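Look for chain A in each of the two complexes below; its partner is chain B in the first and chain C in the second.
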Partner chain A sequence: MTAFNDATGLADWVSRTRAGLTEGRFPARAFNDVDVHALEQERLFAKAWCFLAHESEIPSPGDYVTRKIGNNNLIVARDEHGVIHANLNMCRHRGNVMCKSEMGNASHFRCSYHGWTYKNSGELVGVPYMKEGYEGRLKRKDWGLVAVRVDTYEGLVFGCLDPEGPSLAEYLGGFQFYLDLYLKHGLGGVEVHGPPDHWVADTDWKICAENFAGDGYHTPVAHQWGFHLGYFPSSGTTHSQGWAASIPGKGHGIGLGHGPGYPAFSGFPDQVVAGMKEAMSPEQVAVFSQIRTAVGTVFPNLSFLMQPFSLVPGDPGVRFVTMRLYHPAGPGRMEMYSWCLVPKDAPEDYKAEAYRAYTLAFGQAGTFEQDDFENWTKVTASAGSGLVRDLDFPYIMGMESEPVPEFPGPGHVVRPYVNDTNFRNMWSRWGDYLAGEA
Partner chain B sequence: MDEPGIERPPIGDVVELDAEPGDGPIVIANEFVDVVVRKVQTRNGMRLDIWSPRRGSRVLLDAVALDCLSFQEPELISALLQRRPAP
Partner chain C sequence: MGAVDCDTVAAVTEFLYREALALDERRFRDWLALLTDDIRYEVPVRVTRESLADWELSPTSRIFDDDRDTLEVRIQRLETDFSWAEQPPSRTRHFVTNVLADPGEGPDEFRVSSNCFIYRSRGDDPTPSFYSVARKDVVRRTADGWRLARRWAVFDQSLINAHNLSIFV
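This part shows the complex of A and B:
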């Protein structure tokens, strides 16, 4: 890896940005800048645990998907013994891409350039004209695909390019308590409902990651039609109620919107609620049963949302979960992945309804998604213009918030749900990485 | 280990898909290769006909051979590919 070249004075900018955060300021430049993007590639995505896939996307031996961490293209494959591997999607002979399809099933990957063939675990097995051409000088064991660390939590497969970094459990740092709200919908857990929606947008990945770290503030404005037409069971007068929870020093955050008078776990079938109560701890059930909307981000770029949504205006909402990954494709540009998660053991008719509710609200044609991307692309465009490069945005909401002492979940938990605390924590961690201190 | 028995025949002498009727064909394909699989009747019993259109090679496996394959470790296939992965 090449050393960071600070010809642009970015180190000073990072230092000023970190100092500004303590006073509730964050610079617009961060959201669309070629040097910031390069520094993120080198110092953030090269070191953080990044989401790759859900185990249910590759359930059988030989199943694979291709995903990215930063600018690295990876094959995430389940080998013939059921073990999940992540390897650089590049032939070690001359660097050709091994898997050109986004998903598939193969016991072996064979390069289309010179025919080097690898097991789906990444070991090199086949070299054409091995005896004639290499005269015994090539050792197959030295030229397998480049392996990346992988670890899992409740079906989520993460990868880390840094062999020396912390464990995944340490990296998550207690955020697992909140992740369980999306993942422990019964003892069987959850599964993806079909392949992800996948598209490219002129949006910086960080805007989306921040929004899903708990931006309840935008919902009654950006998505007001959902309130007014009866698709979304909340109102402007009560929408701010709830909690903002973040894990200090880790960057993860979740907004827990509380719906006053809203029935516990409403929108889930009874069978799923029973499964959740069995799979979660009593403390989790006590908190999560009160939640209408849960929107959270695993730093840096994996997010979740759970909320009820009505298929017909005025009808009871159907509770759905979406999981999304914001892959940085360039300064101010992003590849978006969006999945619907459903309880594995749930009735099929509920899975279909939850997917319909998800599709109506999210995915590339989803109504909420359209609202968001209209705003996010405009923010990104603004951030790239000359005059705004030295401007800060205010992140002072909740600067004086005191932690809620009786809250049973870990981390720093404040009221109300509408609060900038999670965002300051996220940007603080981002600053740690960009300064080379994480 | 001996070299595998199936070599690519010279151009102009590739094996064509047998025109004899049988069950199938089933095409098994991924982004790396494709094969055509059929169950075929011989005079004295069934065999599985595996035909590779790109390579022009073909093998007929009877029940004993298929049974044998069913209990092999995946490493055997990797070992065969090690001997002759392509072309």
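This part shows the complex of A and C:
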């Protein structure tokens, strides 16, 4: 793949890309390019609020998981007082990786190289030969682990590498209204069912993020087998009904698939429905009760999906929620984390059933997931080829869509669900970051 | 030597080879016929953990968690024209080794552990995928022949190097 000649060439390309978006065009090159990937690391992942973990993954003092933002490896730990910290997973002394496990429980982290020891909050507490070697010159408080800003929303722990910039609430910018659809399944909220499925793929993270920002268009074709076996009561035409909601200037988007004639909140046990009605606002209940499938992306790379699915075609189905993180692991390559979220207060048998529905549909061996990745790896391969990298893709669907009047949710809401509006908003925000304007 | 006689071990081993062959020859209906009605097919998620952790294989997370009905769904899916993940189909070769059989719950059941090394090639990609898998099966002798009653298989990696798992292990 030819690199851009220089920084000016890349800046020109970003500028042309942003201009193209206003006409509904976006370049293939964005999905597999070494310079674009580097620029994303520098300007997007270094600035945006990125998802780290769900609080239920680290419920007790000392619990930790290791996660990444961009190419930075982080320890996300709950300290002895219950406070969550994200610190660079690197000893300040010579840069060794502190913690080589994906998860665990520890009050302290001790470097295996020279033995510097930190509390799980990141504070440096132990330095071998402190008196003899450093003769009072080393101040422990100056050499703690490198801390990253952390904030949470409804159990979601986000981190931000930029010490300045907006708060998480401002960053989400009203998308919380829609996130609650996945998170407020009762006053107790939701919890992860267990550690995530974790795999690598030759796929650009942006293709997945875009798809989950509301690509109802692919469903009847990419997942045709589901219609064929009778999983969905509707054809491709009825499946495309519903709304596309996005938060202008923020990049977040959600597709709200409406199944005509579908009973409100079907596939949830009564107890969960009652809990949702208690935890959500009347406006949220009014919108969400009509939704069969909801698929959304928090910019840049965290997505959610909720839908009913049955283990046997024709059965009414059980609702499951999946949350997924698309970690950019290189140009055209990503590391996928996929969780199943279950309502904390729900009956155990529903949790187990929802998890099995998730596994069959959207785990790594999931029958829907399999086909998505088959398509996404091929898109990525195309985007890296010589001729294709100078081509644009059309993002003109719904260019003339007028906002739906009196829709009770925030943001820019259009009909139908099959629409490129969310994607244009997403790539527009991505362009802001790459141009250094966010 | 183990508590199971050599003839039985040989028969169980041959059964595993034939089962693997059915998968490799993509005779999925034949493969399904080798499973009992109460089959449980389970692949737990592996997590990299510190040496003294209680578990490395998640007690709750599963890559596959199937019974007869859901395996039937997976195979019906493969029989449609729309199982894009397997078009073109994966070429697999299951290498089954280190077969050890121990007595199971009844006189006709055996707990069988084996190693399974899977070669997987897709399309014209010259780079194959390799998966090393440990299996603990329950194999049952029935009036109709040997049948697989339980498969518990785990990958020897925590970060799986596959863009999907549209094959059986």
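Methods note: the second predicted complex is superposed on the first by the 427 of 438 C-alpha atoms of A that agree within 3 Å, B and C clash if a C-alpha of one lies under 4 Å from a C-alpha of the other, contacts with A are read in each partner's own complex, and residues count from 1 in each chain.
By definition in this document, a residue touches a chain if its C-beta (ideal position, glycine included) is under 8 Å from a C-beta of that chain, and two chains touch if they have at least 3 such contacts.
As the structure is a prediction and not an experimental result, all values here were calculated from the model.
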item: Contacts of A:269 with chain B and chain C, given as first, second, both or neither; value: neither
item: Touched partner set for A:194, first chain B, second chain C, both or neither; value: second
item: Partner chain in contact with A:115 - chain B first, chain C second, else both or neither; value: first
item: Contacts of A:100 with chain B and chain C, given as first, second, both or neither; value: both
item: First, second, both or neither for A:159, with chain B first and chain C second; value: neither
item: First (chain B), second (chain C), both or neither touched by A:214; value: neither
item: Touch count on chain A, higher of chain B and chain C; value: C
item: Chain B versus chain C as contact partner of A:317, first or second or both or neither; value: neither
item: On chain A, positions contacted by chain B and by chain C; value: 100-101, 104, 106
item: Residue ranges of chain B in contact with chain A within the complex; value: 30-33, 74, 77-79, 81-87
item: Chain A partner contacts - residues on chain C that touch it in the complex; value: 43, 45, 47-50, 53, 58-66, 69-70, 73-74, 76-77, 80, 82-86, 158-166
item: Chain A to chain C touching residues, read off their complex; value: 100-104, 106, 193-203, 222-225, 228-229, 311-313, 335, 355-356, 359-360, 363-365, 367, 369-371, 373-377
item: List of chain A residues in touch with chain B within their complex; value: 61, 80-81, 99-101, 104-110, 115-117, 119, 123, 125-128, 140
